[in-house]
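Listed next: structures, encoded as structure tokens.
Note that chain A is present in both complexes that follow, paired respectively with chain B and with chain C.
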Partner chain A sequence: MTITNGRIIPSGTDTKEPDPAPVRRPSGIGFGRWWWALPAVTLTIVVTYMATAFGAFFAFTDWTGLGSFKFVGFDNFVQVAKDPALVGSVRNTLFLATGYVVFTNLFGLLFALALNRTLKTRFVLRALIFMPVVLSSVAVSFIWKFVFAFDGPLNQFLSAVGLDSLKQDWLANPSLALWCILAVMVWQNIGFVMVIYLAGLATVPVELEEAAGLDGAGVWQTFTGVVLPTIRPSVAIATVLTLIQGLSVFDQVLTLTGGGPGDATQTLASQIYQQTFVYGAFGLGAAAALVLTVFILILAVVQQVVVRDRSN
Partner chain B sequence: MHRYTKWSLAREILVVIASIIMLLPFWIVISTSLKTSDEVLTTSAFAPPKAATLDNFIQLLSPEGSQSGNVYQGLFSSLIITIGTVLVLIALSSAAAYVFARSTRKLSNTVFRIFLIAIVLPTQLGVLPLYIGARNLGLVGSPWGMIVIYTAMTMPFAVFLYSGFFRRLPRDYEEAATLDGASRFQIFTRVIFPQMAPATGTVAILSGLLVWNDFFTAVIFLNGSPYMTLPVVVYNFVGSLVSQWNLSFAVVLIAMAPVLLFYVFAQKKLMQGYAGGIKS
Partner chain C sequence: MNPINRRRWLSAAATAIAASVVLTGCGGSDATAPSGSEPQTIKFSYSTSNPTDTFIQDTVAAFEKENAGVKVELVKLPAETQPQTTTTQLQGGSAADVMGIFSGQGQVGSMNGFAKAGLLLELKEPEFSQTLPKSIEKLYKYEDKVYAVPLSSMPAGLIFNQAKAEEVGVKLDNSSTFEDLLKQCGVARDKGVSLAALAGTVPANPGILALTLATSTVYGPNPEWNADRAAGKTTFAGEEGWKEALDGVKKMYDAGCFQDGAAGAGFDAIIGAVGQGKSLGFFAPGGAAKSIADGSKGAVTPVVLPVPAPGASEKYLGTSAEMALAGNAKTKSPTLVKKLLKFFTEKEGAEMVAKGQGTLPVNLGDYQLPASYAPIADLYRNDKVRPLAQTDWPSAKVYDSLGKGITAMITGQKTSDDVLKDMDTAWGN
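Let's look at the complex of A and B:
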């Protein structure tokens, strides 16, 4: 059977036969009722849209989550811009998101290229590398907390290879802790990006690659000239998705460092949580959340524009 | 060009070594969880346990174990909330997507757009008013409140994914079933929905994992309640065990076990779900 224009044509049917006269649709043909969509629409409008709108509204108030509140204009945003801890959290979020995009895409693409064809172990290795993706990031982060601990595997490895001078409590070092969080985020999601690239690589015609090889193109030339143009949609998807994931990083921060040492590894999401639910500064938390939302919406618009440009 | 040459073998060895290094943390978790507290302190983290013991697991899982209550309760709430969300989500999102995919009215296109935009709206801003709302309704710490919130969180992408599938389904089935005298509800539940099995599988897997592993919403709404899900239980429990890594890793492994077990049997479908669900 083949499917043409949405109609299934059983094999053996002469497709050149002139189309039969359009079948008169039976009256009252059942395509469902409009109100079947009502629960889904209501839930989305109330829980997603109304809640987000209220959140944006509270960003301009001094509410503590209890009792009355008054408008404070842009005071909360001024505070976000002035408070060193909050400014730091914006900087950390941007650092983590950028590093996350760069390294997951780099390693994900490398693994996808390596495990695309030829290798005998490719199916086993794909499954193993993808495995961390489906696990709870809280559980995964605790594994790494041990790896980075002072008596943990990383330091044991360093002393085994004679680099004792590098031994330290990695997560207690303000300048290294953020890199540790980045490493855990990247490690867990290389498989996620790899799978996106594998799906893209499957669309690269083998003949095209072979032709490039016969024409004397090297590995790098084949990659940039043939493979990369074909998988460009995958690159766009993987970049945007990892960027959005990276901007909302929370689990790894809370689990590995709790935002510390000091406030050295706070991110926007961890600040939203702490300001709102630990300190009761509801308005301030909402302002930080609004900043994060605007970041992500800008990205979504940019992605739409990029995708539309390509299809023209 | 894709013959297996000695270069392929060299590449294979390289990739296998890289993968082993990447997967070392799993070895460390498993071996450490089988060690006694003394052995964790005295031996290398890379070394296998000298005399593997299941004591850590027994302490957590046996009815007499001091911490077994937490673990079972976490498993129980995670299961209820995940299964509840997936079932409600599939029922509501498939019905909605079907209506949108089949409707020729302009309005339905506009309403469909509500879901498209909601896909990119992050949860962090909406979760604050939701918490206040749920507190006023007495739904904080309730599994039913969580099912509502998670269903709403996963709804946009589920509707989006389903409607792609419905659009590709020819209308002939409805015509034939109508001629046979089936009602609209029967047509949808008996004729159309069963053909959506691949879409339903993808929606169930992606939303199920998202809910099962979610920490941000769970810690806000459930922390301290009797319905903490596994990530929150693990977070609290490991946080309270200062550097007792063998016991910590036993908890971590128990929490991972259901998903890992599922992964062993469904890894192909899972990877396809991620790649396909995201592409469409």
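Let's look at the complex of A and C:
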């Protein structure tokens, strides 16, 4: 027995696809002319790619956002590599992206598995878990900022249960602030990942799981041997999307900590904003943005290679 | 294309051109512009830190009343994004005729950057340079030419709820020393309140506290310290006064002067703490005292206390004249723009702004200080006033390094020496 494209094919079955029927070209009006896409393609090139190319161009200049500029070669990139705050922001970005990919996917998958079948209240629970996804990340971060505040609900709760020793200035503690940001990011987006995995789980044939159970496979063996290989495309999509979101995290950082205390929670995206719009160093900001783009590109490709479906 | 189609096409094109000419003519006309003179309608973009303030509208209305036939269209920008918006508009050629900007250099939206790029109207008339006080003159000049006028002067200090302080037994006034201040922080703590609220996540707030201390320890004895720093004669790290100022903030933190959780607090925490009476004050430009009094409908009437100098330094008051007005170099009404700018610098206009904003005119003259400024009156009288230093720094990164550095100090990440070295690095030479 084999599985091909989600179909169970008994042993001995001819798996050769039937020859396709000859395609008839429609007569009269021809649909799907290539130039129909021209306006959209032109707009994409102008608005996205040309704008990006202009941004990349300024990475090699000392432009301040005003007046003229001169070319400075790779000076801005050297500064990105040398500035302790910028280097620290790269470290923080990688930490948040890694933690975000791992935890959202782990919890998203667990919730998806738990709420996939059987549970009667699953539809209500799915809606509840998905609800934070539709909220603005800035609004969510402000609420969590209130929760984490020194006299906020979290510390009040700790006091109420006699854990005064655990009371913290959560967002001002350099070793905890980054974890707080990660917690908010994960909390808000578990539902998003859960939905992707639920869609994937819907393609897992029940008969196959039952067959595995009859063959003596335990829960873990069924999961690793049947479920996980089938939902591999969902894993690929969910991890790539969460990686991109994690690498470009901005709203939560700016709202919760403003990059502080000191520069303890600065990320590449918050540094790009700061260098460009607070310090007026457009060249340096563009260089940092280019570094972030290359990061995302490399890591997304690596991840695609790691989680790609090798059966095809 | 056959001849009939070509004729139709030409006819359509001619109609379109004719229509566009007519429409352009309509759009370009200015009902208020007398022929042969410049348009008498101008645009003025501005922002106010307190969104309910109306001093710009009031002053402009007085100007219009004085100048029949003149129309000033006001464009209010959000205070948070005003510098970026003005920069983009100026660069893109769509800026208003008159704009609110920052004086000096370094910050996004500050005068020098715009003037260097040739985007501001030069104010050649002698009355503009003559009305600039000597102490802030260089903040309004680029290459010895005037490009902006000051809106007001904002004394910075401790915005203090004196009535509440007396209620809890805290005694702090304009004669208090730094040691008194530290002692009173303990008294306030014992009563369950903090002497001051600090927004550690907003670099400008710890930054202004450090600047008010450095005004006494650095700029009081040497008003030309920034010029010396620019000339490479001194450094932040090598200046004892700066170290004294930064260590002073740490001493205040250790003495419990700030609310619990100060390092992770935002401006909302300041407003909450002061509003609920959990803190007796906060460090800010003096206009905040009026905003609080207005906001509470007179229930709370804070005063502006000078921040005592740490160590043996004499007490000085820091004032900010960073809010400025400038004209667009591309304005079609340069005479009218200058007339409006002049109105803001003259006694009537400057006093209207000061009263409405809760600040002071840059040329104080016989201006009656409001009650909230009573504790700083002596410092004005005895010329113990210095401009806050950051408007003359070459990059916004220097001030940001100071503000962030203070938070890093009180969270144990950095020492005062580290912060001062960061400021030197941000200065760039």
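The rule is short, and it goes like this: the second predicted complex is superposed on the first by the 263 of 312 C-alpha atoms of A that agree within 3 Å, B and C clash if a C-alpha of one lies under 4 Å from a C-alpha of the other, contacts with A are read in each partner's own complex, and residues count from 1 in each chain.
Criterion: a contact is a pair of C-beta atoms (placed from the backbone, for glycine too) under 8 Å apart; a residue touches a chain by one contact, two chains touch by 3 or more.
Quick caveat, the model's predicted, so the values are computed rather than measured.
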Tell me which partner A:N173 touches in the superposition: chain B (first), chain C (second), both or neither.
-> second
Mind working out whether A:R33 is in touch with chain B, chain C, both or neither, as first, second, both or neither?
-> first
Report for A:F277: first if it touches chain B alone, second if chain C alone, otherwise both or neither.
-> both
The chain contacting more residues of chain A, comparing chain B with chain C, is B
Check whether A:D151 is in contact with chain B, with chain C, with both or with neither, and answer first, second, both or neither.
-> both
Touching A:G260 in the superposition: chain B (first), chain C (second), both, neither?
-> second
Between chain B (first) and chain C (second), which does A:T64 come into contact with in this model arrangement: first, second, both, or neither?
-> second
In the overlay, answer first, second, both or neither for which of chain B and chain C A:T121 touches.
-> first
Once the two structures are fitted together, what part of chain A is touched by chain B and by chain C alike?
-> 65, 149, 151, 277
Can you list the residues on chain A that touch chain C in the complex?
-> 64-68, 145, 148-151, 169-174, 177, 257-264, 274, 277-280
In the complex formed with chain B, which residues of chain A make contact?
-> 6-8, 23, 25-26, 28-34, 36-37, 39-41, 43-52, 54-56, 58, 65, 111, 114-115, 117-121, 125-131, 133-139, 142-144, 146-147, 149, 151-153, 156-157, 187, 190, 192, 195-196, 198-199, 206, 209-210, 213, 237, 241, 244, 247-248, 250-251, 254-255, 268-269, 272-273, 276-277, 282, 285-286, 289-290, 292-293, 296-297, 300
Residue ranges of chain B in contact with chain A within the complex = 1-2, 4, 8, 11-12, 15-16, 19, 22-26, 28-29, 32, 41, 44-46, 92-93, 95-96, 98-100, 102-103, 108, 111, 114-115, 118, 120-122, 124-133, 148-149, 151-153, 155-156, 159, 168, 170-172, 174-175, 177-179, 182-184, 187-188, 209, 212-213, 215-216, 219-220, 230-231, 234-235, 238, 243, 245, 248-249, 252, 255-256, 259-260, 263, 267-268, 270-271, 274-276, 278-279
Which bits of chain C are touching chain A when the two form their complex?
-> 84, 87-88, 90-91, 107-108, 113-114, 116-119, 200-203, 259-266, 269, 395-397, 400, 404-405, 407-408, 411-414
